[in-house]
Every structure is written in C-alpha cells, then in structure tokens.
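Structures follow.
Both complexes shown next keep subunit A, but they swap its partner, so subunit B is in the first and subunit C is in the second.
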Partner chain A sequence: MSDFRIAQREHESVHVLELRGYLDAHTAPKLEEALQGLLNNERYNIIVNCKDLSYISSAGLGVFMAFIEDVRKHKGDIKLTNMTPKVYNVFDLLGFPLLYDILKDEHEAVRRFKEATPR
Partner chain B sequence: MQQQKLHIESRTDRLIAVREFVSVAARRFGFAEEDVSKIALAVDEACTNIIKHAYKFDPTKSITVIVGSRNGAFEILIQDTGKEFDPAMIQTPDMKEYLAHYRRGGLGVYLMKSLMDKVEYKITPGQKNEVRLTKFLPR
Partner chain C sequence: MKLRRLFSLGGAFLVILLKFAVDVIAKNVEFDWGRLAILRELVLAGAFALLYFLLLPIFGKTEQSPVRKLGFLLILTTVILLLVVGASSISLGGYDAKLLTLIPLDYSTLFVGSFTSLLIGVFALVLFGVLVTLLRYGRRKGTQRNAIVLIGLILACSISAITLRPLDTSVVTTVIFSLAILMAVVNSFRLPWIIDLAKREKIFGLAYTFFLFLLLTGFTVLISQNVTISRSLLFYSVPLKYFVQSSSIFGAIYAGMAFVSTLFHLPTAEAFERKRTEVTSLHNLSRLVTQVFDFNELVDTVTTMTLDVCEAESCWLEIVGPPPEATRLDGGEEQVGYVVQVAAKKNITQVEIDRLVPSHTRSIRDEVLENQKPMVIDDLRSDARFRHLPKSGRGEGSLVVVPLLSHGTPLGLLYATKDIEYGFVKDDVDVISAFADQATVAIENSRLIKKSIERERLLREMMLAQEMQRKLLPQTVPVGPSVDVAASSTPAFEVGGDYYDFVQLDDDRFGVVVGDVSGKGVSAAFYMAEVKGIFLALAQLFDSPREFLTKANEALAGSIDKHSFVSLIYAILNTRTGRLTVARAGHCPMLLLARDGVRYIRPDGLGLGLTEGRLFGDVLQEHAIQLSDGDLCVLYTDGVTEARSDGEEYGYERLVEVAERKKHLSASMIKDEILKDVRAFVGGEEAHHDDLTLVVVKWHNSPRRDIDE
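Let's turn to the complex of A and B:
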C-alpha cells in the first residue's frame, strides 16, 4: 500500500508536482527524489500543488527547506498552492509563509512566475 | 479514560499506525478534529526522532506508545530503549534565524512544543527514554 503519491506535469512551462496522501518521514524521500530529479534536469520553476495532501510532518517540511536555496540561486522558485487549512496550519506554525510563496491555485502561481521573468 | 498501549517496530512505515492509534484515543477523549491532528503530529514527531536518533533506523528495535489521562488531561507516553540523551541539550530552534539560513532538521522538537501543552523527558540511563506529551481539553 502506498500512502503518498506524486504526479508530475507541465503547466505553461512551469513544472507541477501534485502531492497526494501523507507526507511523513517514511514518504519524504519520494518528494526529495522528485525535486532532485527536477534540479538535475535544470527545472527551477516548480509548483507543488497540495490539494490532495492530507498530512505533513517536519520531515516533509524539511524537504522544501533542502531545495529552496538551490532553486532560488538559479532564479527559480518552489511555489506551493491549493493547501488545505490543516496542512497550511503546520506551515504557518513554523513561520514558513514568510519564506515560501503559498498561493490559492496554480493560475496564481503561474502568474507570479511570469511576473518574475524579465521580458 | 482507560490506558491503551501500542508497540511498534522502529520503522517509519509504522508512523501511520501510531497517528491512527493516537487520533482515535484523542477523539474519544473529547478533542475536536483540529486538536486531534495536532496531537497526532506531535506524536509522529516524537516517534520519528526516536527512529532516527535513538535507534538510528534499526528496525529490530521497538517503541511503546501509551495513551491515557492524568489529572483531567490527555497524556501520551512514548518509550524507547535506544541511545540516551541529555534533554537539556535539546535545542528549540529560533525560527526566524532558522528560516533566514535555510536550515534543515530540528523542526520536530519545535513542533512538539508548539502543538502540546507540555513536553517532558525522563531518561533512565541504560534502561529507557521517555517523552511525555500532555494536552488539556479547551475550556
């Protein structure tokens, strides 16, 4: 039984990771692997859609911390969208909204990426 | 509330069972869903720390989780026989500084303290480590 899944797709030249299920110390390596794969392929504009993410612990939060600096160094970003209040509360408790762009949906995130790209 | 006990192997794939066990007990104790989630997360963090630090991912070791009530509060006692530590050495990160320097790890302790009313450690060298998490029902 797999309690965590990641689906990947492109949305207007931005890479989207859709998370589903429970992100804890057991499943965090899967997210780490997915993000590492994107960085290896020099994909730095990343949206993580959390619509179906039911749970996150500090092990999951730690994965975002591990990659954000590297991604931003390459002028990209990890933007988080569609969080349920339960998951948002955990981010909020740790002050993560100060560091991460947490947005309502993917459209808003894509717009932010476009605004940040010089014409 | 009658005391209940769960033994798990020291493996991260067992965390889901711990969260379920604690959630059922917290709900029965009278907590609303928001607090049930907080308690389950705090216990997950405590067990994750044991698996990683006390047992260093040795799956042959075990963790005991006991739920019950004391003086009207909901209490979870988590026991292991792994590497002992000095609770005074556990540092709660300064989140402002933490985020500014993209640190990683150490968030579990901060979460446990934020989510619960009390977090207490009792170390019996050479025998067992205990962490006691307490939460009161909202008035």
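Let's turn to the complex of A and C:
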C-alpha cells in the first residue's frame, strides 16, 4: 500500500527526483524530506519525474505546494515531467498546470531551465 | 497469668525451702531415708520443672538473634562461675563420707552447699533451655528428632540417678550419660543460624562462643573435680548433678562447635551478605517496577540501590533521547551524537558527569551504546579514553557503564564509579546489569503508559472532531415541487475531509456545494469548519458561483496552511426556471445526465488556497445549464471516482454507467445505487479507504412522476 520510492540524480546541473509508486498522506513525508534536503543544499532547479508515479493524493500535491514558494524565491523551479494521464488528471483538476510547469519529459524541462537562466 | 506465675514461683521456692529444712533436720537426726529419698528427689525435680517453665518465656524466645542468646549465656556463665568459685573458696568443714552418703560437717557447709547447688541448678536449667531453643533454629525433621533424643537422654540420665546415693555409681547412668554426650556432639553440628548472620554478628558470635566454650569447660571441670562443689551438688541432689554435668558438657561442645563453624564461615560472610542485599534489593525493585508508575521515584531507587549494593562512590542514570536524526542527503553535516539526559544522580554533580563523559565529543557513552554491552574501566587514570581528565580529582578510580536496552534499542545508561582502581568485580557488573534491566522495564512501562494515555487523548480528540464534523453537514436537503435532492457523506476513517452543504438564497434559488479538504484527521475537520463558515457567510452575498468562489479563495488563502488546499464545486439552481449555474475550484467535474446527452461539466478553476493572487479569479469560469425534465446532476468527491480495486480506479465511466442505468429512480435511490455500485467495486464497505460524498439533484418540469421501486 505505502510502496513509494524516490531516486535522485543530477542531470546537467539540474536535480532530478524520480518518483515511483503511491504518493499519499503516508508516503508524502518521504518526498518532503527529499525536497528539504535539496533546499538545504541550495539546489533550486528541480525536476520531478513522475513516470512511475501510479497515484497521487491531495496530501502528495500539498508537498509541492509547500516548497514551490521557497524554490521560486531562489530563482529556481520545480518542474514536473512524464506524468501518466491518470496522474495528470489529478493535477489538472486542481488547476496545477496553471501554477506549475508540467512537461512531457526531462529534456524539455532542462531546456526550460536553460532558457530561464541565460548565461 | 501473672498471679499463676507468682504461685508457681512461690511453690518452687517453698519446696526448695522445705528440702533445705529437711536437710537441716537430717543433719541432726540419724535417719535412713531409704525409699523416701526418691520422693525427696521427685519433689525437687518437680520444683525445678516448675522453674524451667517459669523461666522458659524469658530465654526461649526464638525471634531473638542466636548471637544475643549466646551473649546472654556468656554473661550468665561468668556471673555464676564467679559466685560459685567465691562461695566454694570460703573455708568450710566439708562433708563426711559414710556408706556412700555425704554428711555435712557443719551448718555453714550445709548453707553454702545448698546455696551454690541451687544456683548451679538454676543456671543449668537456663543453659539447657537456651541450648534447646538454639537447636530449634532452622530445624528439619531429622534435626528435631536428634534434639528430642538428646533432651530425652539428659533427662533419662538424671532420672536413672534418682535411686543412687551421692557416692554411688551405676552402669546404666554412666551408659546413658555417655550416650547423652554423644548426642550432644551430634546436635552440635546443627548450626544453621551461623550462615544467616551478618559479618558484624559473626565477629561477635566468634568472641562469644570462644569465651563461652572456655568458661563452660572450666565450669564442667569445676563441678566434677572440685571436691567441695562436686560434693555439695551430690549431697543436694544426685540427679541434679548429672543434669548439670550433661548440660554444661553439651553447652561446652556446642559453643566449641559454634566457634569453629563461625570461624570457617567468616571469610564468606561478606559475600553472603552482599548476595543477600542483592536479592533483597532486586526483589524490592521488581516489586516497585510493577507498582510504582512514578518514573522519577523509580530511577532514584535504582541509583540508590546500585550505590548501596556495589558500595560505589557515585552512580547516575541517563535516559537516551530519540535516536539521532539521520544525516541529511547532503551528508556534509557532522554526525549528531546521542542526546542524553541525566534522570537521577547520586553523589555526583552534573559538572562532574560532563567532565567524565562529555556530550560534545565521542565518549565511552557512544561506545557502550554502539556495542550494547556493559563496559568496565578499571583504571580511569591510565585509560586513553579518559585522557581529558585532570590528573588530580575526585572519583578517578574505576567506572562501570551498563546500557539499558529494550529489544536492542538503547533507552539509557547506568553508571557507577569507585574511588579506587580495579574497584569493580564481575559480580558488581552483573548486579548493575540486573538493576539496569529492571530500570529498562520501568522506563518501558512508563513510556507505554504515557503512550496509551496519549493514544486515549488522541482518540477522544478524534471522536470530538468526528462529532463536530457530523454536525457541520446539513441534516436536511432542499425540497421543492420540481426538484428532488438527495445527499450523503461517509468518512473513511474517524475524520474525513469531505464536505457538502446547501443554502437557500431566495424563494426560488438554492445553492449546493461539495468540497474536499486536503489531508485527513483533525486538521481536515478544522478546515472543513472554516469552509462552512465561509460558505454560510459569503454564499448569501453573491448571486454567482464564480463570485462566491473568488471571495472564498481570498478568505481561505490567508489562513490555510501552505501545503493544504480545498477543492469546491458550487452550483446555484433556480427551482422556478430550472437554470443551473456552476463553478468549480479544483473539484471533480459535475456529472450531467441531460436529455440531449451525458457529459461532465468541467469549467476551469484552481483549488482554493493554491494561490492568493489574481490568477484564481482570472482562471475561474462559470457554466450555465438549462435543465429539462428528468435531467440529473451528480456532484461527488474523488472518493467516488478514485475508489480502487486491485490498482484499478472506479473512474468516470462507471459512474456514468450506473447513473444512466438508475436515472429513472428518485434522487435518493439513485444516490444509494451509486454508493452500492462503488462499494461493490472495491469489495465491501470495509475495503474502501477514502471518504464517499454524493449529492444527487433531479429536475422535474412538472410535479414528480418518477418511478419508485
């Protein structure tokens, strides 16, 4: 039931969290911890890959809301990619696509990050 | 009782006086007593027996320590010996031996002889009584038999001498006497009380038995070898002489054996005493553990007992806080050590503890907690782990640290120190470990109790929240000639986050709202209460769902937690015209089963509390529908569409199917059918893990004519 895992990796100066399984009220603290860890390390360019995320509850959505303000204050962003239609529908119902970058894949997300910080 | 004693004493005294008078007369009158002598002895024996039972309550108390009894005997023997020797040293005429009988030569001899004999007799009586009492300590079946045999033999020896003349001897008496001595030896091996003695008592016992042995031996020699005393006794009463003799020999043997035995037990006295203290302390402690729930009192007792039993210089107990937090993902942080708190300390200050086991650096504490084994530092001064200690100071000898473990989880540590090096032996470590175990049980108990109290409290809070939530939901549904409304909400757990409500706007229009607060439990119930407040306050003020939701977002965004949000769908229905306007704030779309087709109404809109800015209002759309006869609107929460069975969701299609199938029924029945279908899908009511909320609105142009099954 509460089978949820996070894999982390670096991808061209962007930090990627790969979510797998069920993200609900029980597993949300794991994601919270991971995001907090990135913020503590001053990593604000974050991609959350939802390829293997099979379910997200309102508590799961709440985690992103808790961190987005902080991340954007530091000129970073949390971009969500590779959502299944079912998961996308949950985000979409609440209007998340209006507030978050929800993208097709990581390449696109990386490109967006590069556009945002022209150097 | 007292009177009877007085009479007995008087009687015995009278008999003794009578015998004395008879002796005086017998001195003057030549008279062969013959068989009457037996009578004289019997009367005298009776007097002594009377005295024995009179004196028994004084020296026969078994609750008195054997050592004290021996001390009493020692004093008594000394006094008697001095008196007897003093009396016999008075130069007297002595006795004339004639035909195996003795005749005192003068009155003073008779007086002094009678006095000393009586004194010796009473002394022997007391000696005999005390010895018999001593034999009763820790008796067993065999030993009791031995004691009875000995007493029997001593008495038999005396009785057999009843017919003897003072200078006569008899084989029977000699044999019985020898047997009595033999039994006295056998009985003297019976010294179980010595083991139980404390070390101090043993030393006293040693001195007492030694002197008692010497004095009683001297006394025995005196009454058998000294002519004056021996003859006085024989003249006074032959059986008494044998009784005195056997009793004093028995006493001497017993004292001698007790001395030797105590001597052998002396080296083990300390160890024995310690074991006894350990057992008593552990027993007390375990009783305390089950009876006392006051944690502070318990740890205080544990440290006090450790101090006492091990004779340690100082002792303290630390409680380990929650396990150190896992190092963060960055990994660069310094590893956090165990957080400990001193729960009880004896003979040591916090400063001294910090000096011995500093909390900021790695110390023996971490080592013990990691190894989960007791550790002994025999010499703190030479140990590398204690190099930080100044060279001179208190408490730098040896140290024992024992972890308090509960299923491998460290709960705390118990420390004990001694001023001297190599102060702790294996036994000490064992007993400190035993104390630590008891302390663990106590700590565990107190934590469990605290936890269960906390649980109880939470449960009550939950019940309260549940009760509150139930009251927040409307008890009635709007009614009208052309509208049929049914609603229900079932929380999955104690408290859910679902909400629905109705509001009558004016004569023609009413509003219906369905919502879902993110999260569960008490916080969800609070937000739900807040949403209801906002709904009641604002819905009346705004004619359009869009306006209401915009204002509701403004009201809620300021107060809601940043990772919480509320999804709402709000519809206003004009019951006269059948016009329905609906706006959606992040909520599940409304299912509309209209004459011209089935569809989900999903106007754009963000969830409440997601954003404070203008974006919310900019995005929000409002949708207007004209209902026609028989049209059906279903508002619901995600508990319906996201109901799961083997990873599959109930979904939108199933909802459409069941609603279409039951469209002809009343709103209430359609609602029940949908709920039934959802529950059947997940496989029973218990299997469902989310709140289920459903509001069904059915429209009739003309008075109702749907079929009721």
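Here is the rule we use: the second predicted complex is superposed on the first by the 117 of 119 C-alpha atoms of A that agree within 3 Å, B and C clash if a C-alpha of one lies under 4 Å from a C-alpha of the other, contacts with A are read in each partner's own complex, and residues count from 1 in each chain.
By definition in this document, contacts are C-beta pairs under 8 Å (C-beta built on N, C-alpha and C of every residue); 3 or more make two chains touch, one makes a residue touch a chain.
As the structure is a computational prediction, the values presented were derived from the model and not from experiment.
Taken together through their common subunit A, the two structures put subunit B and subunit C in a clash.
In the superposed pair of complexes, A:Glu69 makes contact with subunit B and with subunit C alike.
Of the two partner chains placed by the overlay, neither subunit B nor subunit C lies in contact with A:Ala116.
Contacts of A:Leu61 after superposition: both subunit B and subunit C are touched. When the two structures are aligned on the shared chain, A:Asp3 is found in touch with subunit B, with no touch to subunit C.
Of the two partner chains placed by superposition, only subunit C is touched by A:Asn40; subunit B is not.
For the superposition on chain A, the stretches of subunit C under consideration are 458-466, 476-484 or 620-628; the one running into subunit B is 458-466.
Residue overlap on subunit A between the subunit B contacts of one complex and the subunit C contacts of the other covers 25, 58-59, 61-62, 65-66, 69, 86, 90, 93-96, 98-99.
Taken together, the subunit B residues at the contact with subunit A in this complex read 11-13, 15-16, 19, 34, 37, 41, 44-45, 48, 51-52, 95-96, 99, 102-105, 107-108, 110-111, 114-115.
Considering their complex, residues 8, 25, 34, 36-38, 40-41, 54, 58-59, 61-63, 65-66, 69, 86, 90, 93-96, 98-99 of subunit A touch subunit C. Residues 3, 22, 24-26, 55, 57-59, 61-62, 65-66, 68-69, 86, 89-90, 93-96, 98-99 of subunit A touch subunit B in their complex.
Subunit C meets subunit A in the complex at residues 328-330, 497, 516, 518-520, 562-565, 567, 586-589, 604-607, 610-611, 615, 619, 638, 647, 649.
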